[in-house]
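Quick notes on the structure that follows.
Here the chain labels run A, B, C, D and E in written order, and each chain numbers its own residues starting at 1.
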Amino acid sequence: MGSESAVTAVTHVLPYLVAAYVFLVGCYGLATSRNLIHAVGCLAVCQSATYVLLLAVGYRDGGTAPVFSDIRPGSRPVVDPVVQALTLTDVVVGATVTALLLALTVQIAKRHGTVDPDELRELRG
Amino acid sequence: MADAVVVVALLAVAGLATAAVANRDPARQALVLAVLGTALAVLFTVLQAPDVGLSQLAVGSALTPLLIMLSVRKVRRRSAHGKDSKQ
Amino acid sequence: MNPRARLWLVVLGGGGLAALLVAACLRLPAFGGPWHPYGDRAVRAALARHIANTIASVNFDQRAFDTMGEMTILFAAVLGCVVLLRQARDEHRDPPEPCEVAAPVRRYALVVLPIALVTGLYVIAHGQLSPGGGFQGGVVAATALHLMYLGADYAALERIRPVEAFEIGDALSASAYLVLGFAGVLAGGAFLANTLLPYGTFNTLSSGGTVPLLNAAIGMEVASAVVVLLARFLDQAVEIEEGSGS
Amino acid sequence: MNGWILAATVVLAVGLGTTLWGVATGPLGRRVVAQNLSTALVCPGLLLLSQGYDRTSYVDLALLLALLGPVGTLVFARLLADELAEEQPRAWGLTWAAAGLGAVVVAVLCAVTGPGRSMVKLLIVGALLVGGNLLASRAMSGGFPGVSRG
Amino acid sequence: MHRLLPLLPAVPLLGAGLLVAGGRHLPRPVAEAFGCLAAATTAALAIVLLPHSSPALVEWVGGWFPKGGESVGIVLIGDGPSLGMAALVSLLTLAALAYSWHYFDEPPRGHAGTFPALILLFQGGMCGFAVAGDLFNAFVFFELMSAVAYALTGYRIDEAKAVQGALSFALVNSLGAYFMLMGIALLYARTGELAMAKIAEGLNAAAGHHGPDALTLTAFVLVLTGLLVKSAAVPFQFWLPDAHAVAPTPVCMLLSGVMVELGVYGVWRVYGTVFSGPGGLPAADVTRTLVVLGVLTGAVGAVMCWYQRHIKRLLAFSTIAHTGLFLIAVGVLKAEADDGAALYILGHAGVKAALFACAGILLDRYGTVDEFSLHGRARHLRGVGATFAVAGLALAGLPPFGTGLGKAVSEEAVGAPLTVVYVAASALTGAAVLRVAARVFLGFGPRPEEREGEEREEDKTSGADEEPETRQRLVRVPRTMGTVPAVLLAAALAVGVVPGFAGLVGHAVDEAGTWGVFSSVHWTATGVLLDLLSTLLAVGLALVAVTRPGLLSAPEWALPLRRLQSGHVGDYVAWLLVGTTLLGALALPAVLR
C-alpha cells in the first residue's frame, strides 16, 4: 500500500471522523460545563457536527451546487441537494432551540442567582 | 489535491469546536462560536452547499453571538446588581 | 455526583460512543462517492417544475412539509421566548440611558442599514433562482434593523421596530404558509400541492408555481420572528430590572 | 484544481489558522481583533473560491459575510465595551494588511471578470469588506465610549 | 380520505397561528373556546379517519406520488396505531384545555391566546410525529413537540424549580434529538432514502446475506437513543421527574399522558418499519436491548416513586415505571404484546392525566403538593379524593380498567419471569398513589414526621412550598377542574369494558405490525387474577405504609439511587452517553455473528 492510497483512504473518511469528533467534543463540554451559557454553546457545537455529517454524506467528487442560475443543467455533475435542504432545516432548528435555551438560562440566573450547574441545589432525589 | 481546501476547512472546524468547548467563559466562547460559524460557512461552500453556507453565515456570524452576548450581559448585570445591593 | 465520578462516566460513555461512531464511519460509503439516488431524483423533479435552485425546490415543493414543521418550530420558539422572557411580577421597566456612539460607527450603521435591508430582500426574492431564500434573507433583513441599536441606541431601535406589529406579522405569515397548504386540499389536490399556479419560465422570478409564495411567506415569518426574538432578549438585557424600582 | 482554488486554500489556511490561534488564546481584546480578522481574511477566500469553482452565484456568500461580519464585531465591541475600554485593543498593522488583501483580491477578480453586473457586485463586496473591517477596528478601540447600560 | 392526513398536524398549527395573530384583541373565553375548537376538530378528524385505516392510508404530501416505486416527497402513514395516537393526543389536549379553562393563571397579560396557542402547537407536533412515515419528517415534528414542551415546562418563570427543570429537560432532549439526527444521516448515507419503508429496503439490499454491520448497529443505537430519551428509559430518565414535577398541571397531563408514550410508539414504529428486515437488527438482539432497559426502567421508576412525598414528582416516577412496562411489551416483539402495550398506553393516559389533574387541584387549593403537610387536610374534597383513589387502584391494574386489561394482555404475552416485573411495578406505583390518597384525603394513620437530625438534600423536593397555578387560591373546586379527571377516568374504564373495543385496537395494531399474526385480545382468568393480585398488593402496601410508617421508610440502600437523581444537568448528559454505550453493548452481538 503506497502512501498515496493511504492519503486517499484518509480523505475518504476524514469528514465523517471530523463530524464524530466534533460531536464527542460537544458532548464532553456539555457534561463538564460549569456555566449554563457555555453549556448551550456546547450544544450548538454538537449540532454543528450533524451539519458536517449530513453535508459530507451528500458530497460528490468534482460536483458543484445544484443551482442552475449561472450554469446550464446537466453541464456539470452536482452534489446531493436533499442533504442541503435537511441541513438548512437543521440550522434554523438549532438557532431557535439555542434561543429558547438561553431564555431559560436568563430566568435561571434571575431565580437562582447563578448559572453554575454545581450550585443549583434543587430538584434532588 | 482538489480536496486540500476541504481538509483545511475540516481541520479549522475541528480546531474551533475544540476551542469553543475549552473556553469556559461564555463571552470568550461566543467569540469562538462566531469564528466557528464562519469556518462552517467556508466548509459548506467547499462542500458545494452555498445555501447552507448563507444561512450559517446569517445565523452564526451575527444572530447567535448577539443572543449569547445579550444573555451574558443580563446574567452579569444581575450578579453585579446583586453585589451592589449586598454592600 | 462529584466531578470526578462524572468525568469517569463521560469517559466510559464517550469511549463507547466514539467506538460506535468510528466503526460506523469506516463503513460509510467513501466521501465524495457518485451514488445519490434521492438527490438525482430531486434535481430532475426541480427542473421539471422550472426551478433553478434545486434546494429551494426541495425545501418549498418536494419536502415543503418539513419546512412547514421547521417554520412552526421557529414560530413556537418565538412564542416560547415571548412567554419565558416576559416581565415577571417582581420586575419593572427602566428606560435605558441614551448612549454615546463614535461618529464613524454611527455613520457606518446608518449607511449599511439600508444596504443590508435591500440585500436581505434580494436574497429572499431570488430564493428559487440563486443560493438563498426566505430563511437566509429573513435573518439578514431582521439583523439589519438592529444596526440601529449598534449605530445609535436602544430608544432609536424601538422607534423603528413596533414589536407588536412584528408579532402579528410573524403569526400571519406562518398562517399564510399553512393556508397555502390548505389551498391544495381545497382545490381537490394534495396538501401543499404545487399545482395551483403555472410553473413559468425557467430561471425567472415568477417561476416555480407556489414556490415563490411559500418562500416569501417564510421570509416574512423569519424576519418578524427574529425581530421579536431579539426584542425579547434586548428587553431583558437592557430594560427590565429586578425589584420594584430604585 | 486550479490556481484560484490553490490561492483560496492558502488564504483560508492562513486566515483560519491565525484566527483560530488568536481567538482561542490570550486576553479578550486580542480575541475580538481575531474575530474581526476572521471576516477580513475569509471573505477574500470565499471570493477566490467562487472564481475557482466558476460559480458567480457563490459571490453572495462573500457579500453576506462582508455585510454581517463587521456587524458581529460591532456587537462584541458594544456589549464588551467596558472590558475593551481597559485594553483598547489595536492591531492596525494586521488590520491594514487584511484590508489590503481584500482590496487586492477584489481588484484582481474585477480585472478577470471585466465590466458588468458581476463587477459591480464585487466592488460592493470590496467596499463593504474594507470599510466594515476598518470601522470595526475603530469601534473596538473606543467606538462606544459611553456605554454603561443601554 | 388519505388527502386529509396532513391536516392532522396542520389544523392545530393553523389554529395556533390564527390565535396568536388575533388573540391580542380577543377576550379570554373566546380565545379558549377557539383553542378547544381547533383541538376538537383535529380529534374529530382523527376519529373520522380511523375506520378507514384498514388498509393503512398513505399520503404523499404535495401530491408527489411515487413513479416507478420512487418518490421525492414525504410520505405520511395513517394506520390504526398512528391515527389512534393522533386521536389520543387530540382528546387529551382537549381535556387539558378544558381543565385550564378560565381558572388557570395564564400570563402574559393581554395575550389571552398564548397558552392555548402553545398547547395547540404541542398537539400539532405530536400529531405530526404520530403520522410521519419519513424519518427526517419524524425528526422535525419530534423537535417541534420538544421545543414547545420546553417552553410550556418553564411557563411559570417566577418559580426557580420550574426554570431549572425546564432547562434540564431542554438540554437533555435536544442532545437526544441530535443523536437521532446523526443516526438518520448514517441511514441516509447507507441507503440514499428517507422514507422509513425505503430505508428498510435499502438496508436489506445493502446487507445481502451478511446481516447488519457496524453502521447499521450505530444508526440503530443513535436513533433509539433519541427516542428513548423522550420516553425516559433508564438511564435517560433523569430529566422527566424534574420537568414533570414543575410543569403546569395541564401540561403535565400531556407530558405524562402522551408525549412520553410517543417515544415508545416511535421505538415500535422505527424498529418495525426500518430495522425488522434481514438488513436490520436480529430480533433476539433487539429483544435483549429493550427488555433489559425496560426492566431497569420499571424497577427504578417504581422504587423511586415509592420514596417520593412531592405528589407530582411521585406521579412522574410512576410514569417512568409504566414506560418501562411498555418498553418490555414492545421489546418482546410479539403481536399480542404490542396489543397489550397499546391498550395499556390508552388506559394509562386517562388514569395518569386524571391523577395529575387531581394533584393540580390540591396545589391550587392548598398551595402545596407535599404528602406530609397535606395530611388529612383534603378530607372534604370527597369527589377529588374518590377520583384520586380509584385512579390509584386503576394504576395498580384493577379490572376492568383499561390499564388492567393492557397489563393482563401484556403479561400473558411476555411470559412468566417478566410478569413479576409487571405485578411489582404496578403494585408499587399504585400503592404509592393509594398511600397518598389515604393520608391526604382520609387523614389515615399517624401524621408523618419530618426526619430527625440534619436536613437531607433530598428533602428539598418535598413540594411543600409551591405556587398555585390559579390567580388566587381556590376556595372551592371549579366544575371544569373537577369534571375533567372524572371523565378521563371513565374513559380509562371504557377502554377495558366497552365490548369489542379491545378487539378493535388489537386488530388495528396487529395489522400495522410486521409480525403478520392476528391475536385475539380479551380478558382471561389468569389476567384478572394477576390484576387482582397487584391491586391487593398495592392496597396492602399502602395500608402498611400508612399505619406503620417506620416499616416501609426508605432503607439505606435506596439512598444512592435517590442521590443519582442529582438535578445536575452535567450528570444527566454523562448518563446519556453511558446509556448509548449500554445500548451499543446490548445490541453488539448482532454484528458479531
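By our rule, contacts are C-beta pairs under 8 Å (C-beta built on N, C-alpha and C of every residue); 3 or more make two chains touch, one makes a residue touch a chain.
Computed from a predicted structure; not experimentally measured.
Using the contact threshold fixed earlier, the set of chains in contact with both chain B and chain E is A, C.
Path length between chain A and chain D in the chain contact graph, taken as the least number of steps between touching chains: 1. Each chain gets a centre from the mean of its Cα atoms; the one farthest from the centre of chain A is E.
By count of C-beta pairs in contact, B-D exceeds the other of the chain pairs B-C and B-D. Seen from the C-alpha centroid of chain D, the farthest chain centroid is that of E.
The distance from the centre of chain A to the centre of chain B, each centre being the mean of the chain's C-alpha atoms, comes to 11 Å.
Chain centres here are Cα averages; for chain C and chain D they lie 24 Å apart. Centre-to-centre spacing of chain A and chain E amounts to 29 Å, using the average Cα coordinate of each chain. Here the CA centre of chain D is 50 Å from the CA centre of chain E. Shown for chain B are the residues in touch with two or more other chains, namely 2-3, 22, 30, 48, 50-51, 53-55, 57-59, 62-63, 66-67, 70-74, 77-78. Contact of a single residue of chain D with at least two other chains is seen at positions 53, 55, 57-58, 60-61, 64, 68, 71, 75, 149.
Along chain A, residues 11, 14-15, 23, 27-28, 31-33, 40, 49, 56-59, 61, 64-65, 67, 69-70, 78-79, 82-84, 86, 88-89, 91-93, 96-97, 99-100, 102, 104-107, 110, 118 each make contact with two or more other chains. Pairwise chain contacts present here: A-B, A-C, A-D, A-E, B-C, B-D, C-D, C-E [touch as defined]. Those residues of chain B that touch chain C in the shared complex are 3, 50-51, 53-55, 57-59, 62-63, 66-67, 70-71, 73-74, 77-78, 81.
Put simply, chain A touches chain D in their complex at residues 64-65, 67, 69-71.
Listed in rising order, the residues of chain B touching chain D in the complex are 1-2, 4-5, 8-9, 12, 15-16, 19, 22-23, 27-28, 30-32, 34-35, 38-39, 41-42, 45-46, 48, 50, 53-54, 57-58, 61-62, 65-66, 69-70, 72-73, 77. Those residues of chain A whose C-beta lies close enough to touch chain E in the complex are 19, 23, 27, 30-33, 36, 39-40, 43, 46-47, 49-50, 53-54, 57, 82-83, 86, 89-90, 93, 96-97, 100-101, 104-105, 107-108, 111-112, 117-118, 120-125. Across the complex, chain B is touched by residues 32, 53, 55-56, 123, 131-133, 135-136, 139-140, 143, 146, 226, 229-230, 233-234, 236-237, 242 of chain C.
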